[in-house]
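A quick write-up on the structure given underneath.
To keep things simple, chains are lettered A, B, C, D, E, F, G and H as they appear, and every chain counts its residues starting from 1.
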């Protein structure tokens, strides 16, 4: 594999799956990585896998599980042991944001977390969100996904006292600029403590939430 | 006045004050316009008047009233007859947005409307906004002003069934880009029926709200 | 329907059709929403429906009417009772802007308004516009649609004393930037009282115009 | 003068004044250029001269004439012989655009043209423009200056059959982006034959109009 | 034709062909316009006609001539009487800019001008341009077309004393931003008197050059 | 206080100081808020306080402590009880980034955390960073601050397995665009798990790090 | 060939291959250029050749060698004599950046240089890069290719004392803006002496590296 | 010095002066760095030093030499031994670009190179540049500085076969966008082998040119 260097050390050290971002890699390249990892006894999560690539990979790799909505391909045990200390809630604003939210959800689950989904609760119909405030408040970490005006993370951030990771999506048109409007809105949130990841980066949000949820007790306990 | 053509016809026809936008005009130019309008028996509202210009104009023009917070200078009767058919509510997100909201409020009042102010009710503390939902619901037209992430109009638009005019402000820093983030957020609002004016354009929002509130009964009544 | 929450309350309360924005939703998802609404006795308007999706929906949903030019799919009575108090005029600059104007027109009509269309009257041939000033002046609310330099709303706004909602379109090339040039022009209009919606957002303009035209008499009458 | 190379050949060959753009040059540098040109028997026009620099230059250079509104400093005969074959009309939208229009006007006059000014005729009050259509139609070349939404050149271009040079100005705020909105509008004009210069570039427009107006008869006469 | 208003007056008055911009119009719409104009005895030039549309139009319209490189469809006499008073030179930087240059060239020719083409003379190989300086100097008006860094018009503008119209093209990649880099370069040209049209707007440049070249003698002759 | 609504509930409930963002508020407004909070027995942290405002506030408010480098004004006990469970490390790339890093550091300390600073360790001199890898690895949460090309968080993120919050700063010139270059770099980081806050938002990063560090044991312990 | 002027002088003078950029040119145009050069005894390198064009060109041109990964088509001897004085190292951050890196590598090789490749050594896994520091230090010139956050050239620039040419790639999504984020990062690099080429411009980097590596001894030797 | 880490190793190893970028550092901080370096026997070059800072530093640091035009402060021997193998030519387009060119020139000289300056040779007057082609051709490395349309490096790049480093400047107005237009033009240059540094980055260009000019003979000699 002259063009890709698989790094099995880091994941092994942490007991976490290796992650491969599919775009720009061929089915052959990904299959070769998968084989190398399997030989090393490691799990693999492939992100941004479109259905056509999934078909090719499932033929090449035995036991690969594909979640089309989340565009995730998984090579590992169906039940991952839970190592996160609380629940990660993934909230999204509209139906069209679901694929990005599903990616965050799938990543959090495969990295060993209990997850809870709360979808289609955009700010234009506040009652739907407020009716679910129990779910919001019981989470240890929250991932909030929204396109268009990207207002949902600000509102959620005002309702909870826990870390909120905001994910802008490219859902929208015209002055949405491929998610830039939502991204800028989230960066400018007047809600304290919000942090933001790249547009459509459900993986990054799920990964960061997992890192936070995995934090062991510190010296205070 | 070779550089400015005063148009007394339109305002007279409508019984409304003439409006002059101050930036780019000298105190002398504005005073000359004021004198011409006074001779024609017309009221005048000057917008974006900074304190220094206000001092010069109040020396030059008898009876001019200055509202520093709203940067408005008024030449006309203290009590304008109410011609708007309902109340115009002006809502703003943060303390720093108040000057723009005050401009909208002042314009709506000088154009003959009952007005109501609801300030510092940003989305990061929803309870403050929800506690005032009575004010929101009793208005015939709403002007909603917000900087930073510009989420307030979307939320307000979901709470009422009346026309909502959104005003982005240049309040913010970094990825706020002088109000662009708020402007784009408002244009992308998933709340139906929102319309938007230029950044910091409190005047335009107050004027548009007045036009809507002045609409007489149609053929259905 | 785990990914979409249908909200039949609001529309029912107002006697208005529910609206679904098609992009990002599958034919199956939309059909399920339609069935739920039909059971609840409600009308449905689906926007941004391309011909292929329309074919699938018309097979799945009995009695759906498709307006290809406006990309609108309608489930409800052919004749909607008129509840708007005056006429909504929809004006557009060029032939290529017609789809967006038609969307605004269709939405206004399905929401219970008398409408009037005035198409292909761009500012480069002023006489066509001036020849129709009667239509402009008799409207209670105006929607003005333009791409490229987006100058038409400014000119129309100077000819009437009624609310004007400006809709930029993505028509153009080069420095048009997908409608951004027209959007910025409209936001900067020197015409007082103009408000603006997102690029190509004919639906939003039609909805806002309906809200304004539906305003009942206030306390002055 | 190690940092500036004066080129007296071109101007001499054409019988036109040399032009120096002031920003970034010291009073000493400009005075040295002026002395060199005077020795060569040439006229000089300095552009973008602010009042403070003008004071310094008028002390250093004998007989310099300063037009503060147009920010032009002139060294040459008060009456320049007319060499342009028709009239150049300079039209502007608002009072705040006058400095840029005055620069175009002054340049055209110093380069030997009959000029006509038509100021404060923006598109929001079309009757003012239409009332002056005689002036527009009698010009051989037109320079049209506008900030904010930049719509005036499109409208003027539809009223005349002569070359129209559009000049965007930085007048405006918010989504005006320092004149970018007007620039983009002019580049996207649906009016045929419009050409555009840089934001606030009154000089360039006046110069180009002079070049066109100086075109001698061709082989058809 | 409810969506398009043909304006046969202007063209007739001037003896010039009518022009239709094809994108956003169907073959049927264009054919109907063509029939109406033919009945009125007028020539027609259709711009931005791709090969597929050309096929449809040539079937529908008798005698239509298609220039694929320039994307122009012409309905009129093969030999248009020359009314321009000198030659219009069309210069372009690279092979990929040729379609835009060909459009300018075709428009200028169909509007009654003698034209001269000078292609593939970009600034990175100055000797090719300098070797053709005779062609440049003998033109009455010049159209200079360039993508990428857009430097050619500045250089040409320094070699001639005649009006130069600069046309940026979308040729390039990366930081070319679809022609924006070339557009900005041309607007910032330090060459005096350059004017600019929209990206890829060969038609506009050809039309403006024709307008300038058609200017009759003025009062000086 | 008509323009500002102090919300003492949230902070009291959490035992955390209230935070006020100074820009856009007068010394009088801030002093009034401070008095109200002191009466309620609450601590206050004022951010973005320039030296002139600090002077006014220290005269008006008894016992206010000002950190000029961090632009923070503090009203509360000098020693805040430590409630965070580990150490928050604040890392910055260059000397000019120190004010933003100091703000993050001060906020984290006032919110009850042990903090560690590692300044001037930019990626162009990797050995300085690598020499401090002990500090990086011993932190429970990291805040990484960088302007210009914003590469430091990516590199730090590759060296640790803990949550990393990236803060772009406006340090730079030219194509830095006020911090936009650093912001975009951080959002595009190939390092997994990085989250980002607004340009120069040291407060937001310090607050988010505090929230993460305050997370109590979950159900696993 | 009216649209393209082949310049065989420059290349001949320098003994270097002629280079043709394929996009915007037809297979026929390129074949004609190739034939003309072959007649003149010159080598030819065609860049940005996609597989379909490559098929056509290999049919038309005898002996053409195609490197699909680098999108280069070569007409010349398989072994080019080495004229560069040291080694050019081409380093890239991720697998998806390989095509651009391969283009730089291929160009450097065809222009007579010894080359060394170091791929997939992004900054998020510093140990991979540091493990190869011998390769970095032994190069006379370095080309460093990276998309996304574009941090690799800054880090490499800190490890070596030789000229580093940075190449941003369009690899990324969301706030990557087609490589703009990487481009801006590289331009803002705090590493001294870095120079940058256009996004995805592997050719330009390979060419510039060749020019530097070809520099003969100066007067000091 | 807690906020700045002086790295005397690298410079010592290479026998080159240390460089400090002044903005964001106080006179005290810079003086402390200077003292530390002097103790270590090293030369120091401070860049972007405005006159006020220069005054303070010359009081604090014995023997500091200030070049106001280039904003450079130098602590070292007046005559630096020449180690570069050829001449570095610094070329600039206009008088206003001179400060940036002077910075590049000063840096190259202090790093031990013979330099040659060629100023005010912009592309609008090609004869000035062509008259100096001897200077261009005799240089081993060229730095070409230009603002506005940034065309000069493309033209120079076509005249020489040596490495050309292009420096965009912020000289210009309107659509120059603080140098962005020139930057984009240079990145898109059709001239092969051009590399680019950040806007106004005279230092970076001078440093990169020094690195190239310092390249010793390779294995071919």
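The definition used in the following text is that a residue touches a chain if its C-beta (ideal position, glycine included) is under 8 Å from a C-beta of that chain, and two chains touch if they have at least 3 such contacts.
What you are looking at is a predicted structure, and each value in this text was computed from that prediction instead of being measured.
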Shortest path length from subunit C to subunit D (each step joins two touching chains): 1
For subunit D placed onto subunit G, the superposition rotation in degrees, Cα atoms, nearest 5: 180
Numbering shared by both copies at the subunit F-subunit A contact, with half separating same from different: same
Comparison of B-F and D-E (more C-beta pairs in contact): D-E
Repeated interface matching D-H, over half of the contact pairs identical, chosen among A-C, A-F or C-D: A-C
Length of the line joining the C-alpha centres of subunit C and subunit F, rounded to whole Å: 46
Centroid spacing, where centroids are CA-atom means, of subunit B and subunit H in whole angstrom: 51
Separation of subunit E from subunit F, taking each centre as the mean of its C-alpha atoms, in whole Å: 57
Subunit B-subunit D separation of Cα centroids, rounded to whole Å: 36
Overlap residues in subunit F, where contacts from two or more other chains coincide: 94, 125, 174-176, 180, 183, 187-188, 192, 198-199
Which pairs of chains touch, using the document's own definition: A-B, A-C, A-F, A-G, B-C, B-D, B-F, C-D, C-E, D-E, D-H, E-G, E-H, F-G, F-H, G-H
Contact set on subunit D toward subunit C in their complex: 93-94, 122-126, 148-151, 154-155, 157-159, 172, 174-177, 180-192
Residue numbers on subunit D that touch subunit B, as the complex places them: 94-96, 98, 117, 119-121, 125, 128, 171, 173-176
Contact set on subunit C toward subunit A in their complex: 2-5, 7, 10, 23-25, 29, 168, 170, 178-180, 183, 198-201
Subunit G-facing residues of subunit H, complex: 14, 19, 82-86, 140, 161-163, 165, 183, 187-188, 192-199, 203-205, 207-208, 210-213, 215, 217-221
